[in-house]
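Since the structure comes first, as structure tokens, the remarks are kept for the end.
Chain naming follows the written order as A, B, C, D and E, and within any one chain the residues start at number 1.
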Amino acid sequence: AGEIRIAHIHSKTGPLEAYGKQTALGFKMGLEYATNGTMQVAGKTLVLIEKDDQGKPDLGKSLLAAAYGDDKADIAVGPTSSGVALAMLPVAAEYKKILLVEPAVADSITGDKWNKYIFRTGRNSSQDAISNAVALDKPGTVIATLAQDYAFGRDGVKAFKDAIKTAKVVHEEYLPTNTTDFTAGAQRLIDKLKDQPGRKLIFIIWAGAGNPFKIADLDLKRHGIEIATGGNILPAMAAYKNFPGMEGASYYYFGIPKNPVNEAMVAQHYKQFKQPPDFFTAGGFSAAMAVVTALKKTNGDTATPKLISTMEGMSFDTPKGTMTFRKEDHQAMQSMYHFKIKVDPAFAWGVPELVREIKASEMDVPIRNKR
Amino acid sequence: MIDRLLSADPPRSRLLAVLLLATVLGLACAPFLFPGAKALGVAAKMLVFILLVASYDLLLGYTGIVSFAHTMFFGIGAYGVAIGATRLGGEDGTGFGALLIGVAGALGLSLVLGLLIGLFSLRVKAIFFAMITLAVAAAFQGLASQLSDVTGGEDGLSFSVPEVLTPAFEPFVAPVLGRVIDGQVFTYYLIFTVVLMVFLALLRAVNSPFGRVLQAIRENDFRAEAIGYRSAVYRTGSTLLSALVATLAGALLALWLRYTGPDTTLSFEIMLDVLLIVVIGGMGTMYGAVLGSVLFVFAQNYLQEGLRWMGGEGGWLAEVPVLGALVSPDRWLLWLGLGFVLCVYHFPTGLVGRLRARSTPGPSPAGH
Amino acid sequence: MLETRGLTIRFGGHVAVDHVSCAFAPGTLTAIVGPNGAGKTTYFNLISGQLPASEGQVLLDDMDISGLSAPQRTRRGLGRAFQLTQLFPGLSVQENVRLAVQARHGGGMNLWQVWRDRRDWLEETRELLTTVRLFDRRDALAASLSHGDQRKLEVALLMALDPRVYMFDEPTAGMSLDEAPVVLDLIRALKARRDRVILLVEHKMDVVRELADRIVVLHQGALVADGEPAAVIASDVVQQAYLGTAATQEAA
Amino acid sequence: MTAVLELQGVHTHIGAYHILHGVDLAVPAGEVTMLLGRNGAGKTTTLRTIMGLWAASAGSVRFRGQAIGGPDASATTPDIARAGIAYVPESMGIFSDLTVRENMLLAARAARREEQLDRARLDWIFGFFPALHKFWLYPAGKLSGGQKQMLAVARAIIEPRALLLIDEPSKGLAPAIVQNLVQCLAELKRERTTILLVEQNVMMARALGDQVAVMDDGRVVHTGGMAELAADAELQQRLLGLSLGAHA
Amino acid sequence: MTSHPADGAAIPKAQFDARPLWLLAAVMAIGWPLVGSGSTWLTLTVAGLAMGLIVFIIASGLTLVFGLMDVLNFGHGVFIAVGAFVATSVMGGMADWTGSASLGANLVAVGAAMVVAMAVAGAIGLAFERVIVRPVYGQHLKQILITMGGMIIGEELIKVIWGPAQIPLPLPEALRGALLLGDAAVERYRLLAVVIGLAVFVLLAWVLGRTKLGLLIRAGVQDREMVEALGYRVRHLFLGVFVAGSALAGLGGVLWGLYQQSVVPQIGAQVNTLIFIVIIIGGLGSTLGSFVGALLVGLVANYLGFVAPKAALFSNIALMMAVLLWRPQGLYPVGGR
């Protein structure tokens, strides 16, 4: 008997509040589902401690310390933002406890900033970029990229480029993060692409303020240029309605994966909220599945070394199908979905229709950590 | 003796004196009085803010310069330590030398930037200056995130500190007075000592002839010039002094967090917090920085829990239709904002001003 | 000791001070009179460095000080009381004066001394406040003084600087009839020291007549008369442009 | 003789300080009443209290029978001004960023644009204060001290008002302009404008004053005719601390 | 009495200072050779000017409030956000109108959103002025703090009402896409923004330049007591200006939200720096100044963004510094600051 204490640190407030809320919801739903509603594993009760990092790295760091130290959490999950996650990583090592990162995406979390206490169920930026590359990589295609001019954007483009095999990347456009008017960038892209032969794509990686899709308003069609981008949360996909036929690869869309876990989650979510679950709900759900699967395997033993050895290489079911923690860097390998946008008046957003599931094995996600 | 230490600027109110004493004692014994990692973190943050806000009070309260670039210096200090530690710290951990070099470099950079800003302030008028510093601070933040090779960009830098300052360092086997003495506690007392000493030095500076000239310039710089004070020199002096102290505060924060990022040191939000604390505490009083910081940092860290405790989450209050949404802990900023407004309303002269007005009957107009 | 050579300032097309050349010797009190807008205050501003001259020089002890800033000139011994009161409104009366005392002693750059320790400065301050009859109000904020009291404080700031050149710009304007003599007595005492240059702008002709050793008349920026009080007052330009019909009344 | 303005037992506090200790004052219609007293006696405070710029904490201020000040009165400063009172403050209250023209335009409530200013009255004012015409388009903050004073007075008389409150208008004015000012006020008086004048200039006081009120320490300590006071050297000595004759 | 001045002497009119306008023209002229291609230049220029006008609209309320009343309203962003969120509700409720392909129907929907947004923002401005701003007139520092407090409260209330998540605000059918002028593409939506921006500018310039109102308020800021002593109710005036400023911000919010095509609670805070830069360039309070400033910002961002995208991050700040080195008080200084 006894308790297993799980701390979930995420942005309950701050700029990523909306994402954090989805994760928290998904995580709770996942725990319920994985324990069949008992909230018990091996006779021990799961106690969930939620903390709000407000999107601030220093706060996240001290909350994690407090969670391990003061609240005696056995395992911690979170956070929402990559910056917060990176600040947290050393704390896990100091306290010698597991931090399961979800949904922060920065590569370096399971890359050069990684330590052995870090696991991640969320996808990393490379996975995102590579899956998009796989989706778009066709002979005769000419691609230009548009990304934010900072580390995150550049890394994403780099991973994307590295994964492109047959298509041609002819131009990389980086714009300041505070860009409001995309006309200049669009002009540069048009100039680069308009006289190219073959299918012409602008691949956009953009997060945060500003709406790069505005470039389509410059009538790119007259030059035969199309836009491509990855998936996003549902409100953001409202803009996709303007781009029927747009292709890309997504982490999750509730209508795509066909498996019992996803069906259960979608049904439950519709029942509770009369809406489908979103991106980060699925992420939170997966994290919960990972935690419970691991605990079941250790039979409720929360000793860290035991958990680590159990989780390395562990496979577990999620709404996205089976994921596996890669032994080397503890990143969960998972499927991604090549989609094509269809406009359906029944939905407020552009509906991504599955073209093809990109299996984990098809993506060569580099291992970047040092162990 | 005490009077000397306080530079002949005593609290001038019994209640204020008691509160200050309680604060100093509380902070001095915090590791033993308040258990837990969070509490110690909050206490350390209070200390750093006391220094940061006091340095800003020198600029704003005493010299009358409104600048939004103060967090820039704070950030420089923090990045100085972080970059020193990541670049100079070897494989086998970071030495004090690396930290000191980082701090020295940061102080040097602050000196140069402070001079530049000081000189610019001579060219444009007060309100323009304020707005320009706002833009400069934003630009600096942009720069920090651009130079990601050096600064770690948006993600910031996590770094290691000398072993004696890490939590892993535990010289005593048994807990002392119920607390395991580790490197964190040492770091805490290091911060405490530096803050106490620099604060007293600042108090001395504002009660020196120099400090009085700053006040004169704040009141009427035209007149100050006409009795022979070169306001450009004094203004720049004040800008530099406050910039250096802010840099130091930033370095201390970095030392405590073992992490530095744009959000923790450079953001406009922190600037705003500092501004607010100065005003709530009482501008031009120095002691206001102490009371204000303690109060504000406390509210910032425990308001959410307070709301939760009141039943805003899952409790009875959450059931009430509109109120429930309002008192949800997720809306704690709403209440902080409300606190903002009410404080500015009700403490026009700040806490210290209010306390002093209570205890000393104002000088009555003589001759009646 | 103090001299201006061809001192001129233009504001756009308007020449406010027009090639004024004039020398002032220690121990004399020179009254500067002229209609409103004649350029008297501006002339003061040029001498003390509040405004940069368009042309001409200011010489102190035969040294050209035209390039110096206002505080530098003040520290060389030019002192100024303003026509429109310039005080430190949020500081007490005593601190106002004490800042000027401190300025004279040149201690402003000291960051480490405790201000309270300078008893000598305090003593000096209190003496001055007693002389101008503001001692009782030493703890009041300058902003809360009545207009007349502020004028006295303005004068006290100048006295505290004890410069070699005193420039008074209508020191008694707004002072009540029983207070004005206090200031006039101070000026008389200064005159008696015989080592100070004293410049006085004043519209009250009885005061001018009584105190001045010499009168300089400015009109539309130019120096139009200079000499013995009686002779200058009797001159046409003063009678017409300045006194108007007042002369006849005053004579009566 | 009816009083246009009447103060009864007016007390004024500024912050924690009690400045006026029961001022009683009646200003008769169509005459010039001089308010005299030493520095700090409370003259300016009295005028500000009448204008509603300080609140009277006790007593009453009545203008043409209407209560405009006191604990029970609800009139605000704009109401008081609109009732027909113009005010020349001691500090002149010049809008230094605005030009002379704009200052005057604001003072003329009836005019929306410059063309609507009463040209005849303007010329009448320029007659006394020619500098204002010369510097019509100048930013008022750049005027000389005396010129600002002229502007302050000119603003108060740009339109006819029933009562003028004027606080030390002669300070900083050259003798010739003081003459003009006296003449101007005399002409206004002829138009039956009532004037309450605070002044230290003895010549002006004697030339204009019909009635006198002397203040000391927040109270009116003497009221009477100007002629009476001018004739009584002992009274002058006692009230004002010196003799009016001495400077005449 | 001294002699009368020449009766009816012609009163000189103040000279209009056209140099900032020349600067604007110069920037456009320099842009041409930098950009090279004519059609690209045209696209960039038209887009930049239109962007400038949008920025002008969101900044105009701030200019008004700051220029006339000297109130540093850091809470301005909240009115922008309110405008944008109201637009999502109004246009969401008029799906038939926005979805229709007819320009007329689309404009009706946008117009309705604007009117409602302005009304709501204005009403909130009324409360904001009474509760938050009134006690701190004349005290910049407290204004900054208290309005920031107001902004935080406002943002949180928005989250309570509309939720913390992003809400899409799609452009109506007929306003999407571009018109082609030869090889140059001009977005349709920007043309709408140009029309509205110019209308706002003309209206403001007229009210402030041709009526006594502008004078009164400027005087009221310098010496409120004196303006009251002249018989004007400064309080009502200030209230009116603040409400107008808030309503303009609401209008700006609608336009900005439609431009971004989605709305987040932080939308106002995101543009804060931008609009402050614009009004500094303009001279802190001059309508014409911020108009020219906004256009400059729009143009420079586009030219630089095309020629040297890396530099575009600092283009606004560099522009501001350059203008201030030329004119330390902005393009059209407003006296006294």
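Assume a contact is a pair of C-beta atoms (placed from the backbone, for glycine too) under 8 Å apart; a residue touches a chain by one contact, two chains touch by 3 or more.
What you are looking at is a predicted structure, and each value in this text was computed from that prediction instead of being measured.
Chemist: How short can a path of touching chains from subunit A to subunit E be, counted in steps?
Modeler: Step count on the best path from subunit A to subunit E: 1.
Chemist: Can you list every chain in contact with both subunit B and subunit D?
Modeler: Touching subunit B as well as subunit D, we find C, E.
Chemist: For subunit C and subunit E, what is the smallest step count along a path of chains that touch one another?
Modeler: Shortest path length, in steps: 2.
Chemist: Quick one: point me to the chain whose Cα centre is farthest from that of subunit C.
Modeler: Result for max centroid distance from subunit C is chain A.
Chemist: Could you tell me which chain lies farthest from subunit B when each chain's centre is the average position of its Cα atoms?
Modeler: Here the answer is chain D, farthest from subunit B.
Chemist: Looking at chain pairs A-B and C-D, which one is connected by more C-beta pairs in contact?
Modeler: Between C-D and A-B, contacts are more numerous in C-D.
Chemist: Quick one: subunit B and subunit E, Cα centre-to-centre, how many Å?
Modeler: Taking the mean C-alpha position of each chain, the two centres sit 34 Å apart.
Chemist: Would you mind pulling out the distance in Å between where the CA atoms of subunit A average out and where those of subunit C do?
Modeler: Computed from C-alpha means, the inter-chain centre distance equals 75 Å.
Chemist: Please tell me the distance, in whole Å, between the geometric centres of subunit B and subunit C computed from their C-alpha atoms.
Modeler: 45
Chemist: Could you list which residues of subunit B touch at least two other chains?
Modeler: As it turns out, subunit B has residues touching two or more other chains at 142, 146, 331, 333, 365, 367.
Chemist: Which residues belonging to subunit D are in contact with no fewer than two other chains?
Modeler: Correct list: 17, 40, 176, 180.
Chemist: Residues of subunit C that touch two or more other chains: which are they?
Modeler: Those would be 144, 244.
Chemist: In the complex of these two chains, what residues of subunit D are touching subunit E?
Modeler: Within the complex, subunit D touches subunit E at residues 51, 53, 76-78, 81-82, 87, 89, 93-98, 101-103, 105-107, 109, 112-114, 119, 123, 126-128, 130, 133-134, 136-137, 139, 141, 155, 176, 180, 183.
Chemist: Can you list the subunit C residues touching subunit D in their complex?
Modeler: Against subunit D, subunit C makes touches at 11, 34-38, 40-42, 83-84, 144-149, 152, 169-170, 173-179, 203, 205-206, 241-247, 249-250.
Chemist: In their complex, what parts of subunit A are in touch with subunit B?
Modeler: Per the stated touch rule, the residues are 12-13, 17, 52, 55-58, 61-63, 65-66, 69-70, 82-83, 86-87, 89-90, 94, 106, 108, 113, 149-152, 176-178.
Chemist: Applying the document's contact rule, which stretches of subunit A touch subunit E when the two form their complex?
Modeler: Interface residues on the subunit A side: 15, 17-18, 21, 149, 173-181, 183-185, 187-188, 191, 209-211, 213-214, 217-219, 222, 233, 235-236, 238-239, 241-242, 348-349.
Chemist: Using the touch definition from the top, list the residues of subunit D that touch subunit C in their complex.
Modeler: Its residues touching subunit C are 14, 17, 37-41, 44, 90-91, 131, 135, 142-147, 149-150, 168, 171-180, 200, 202-203, 240-242, 247.
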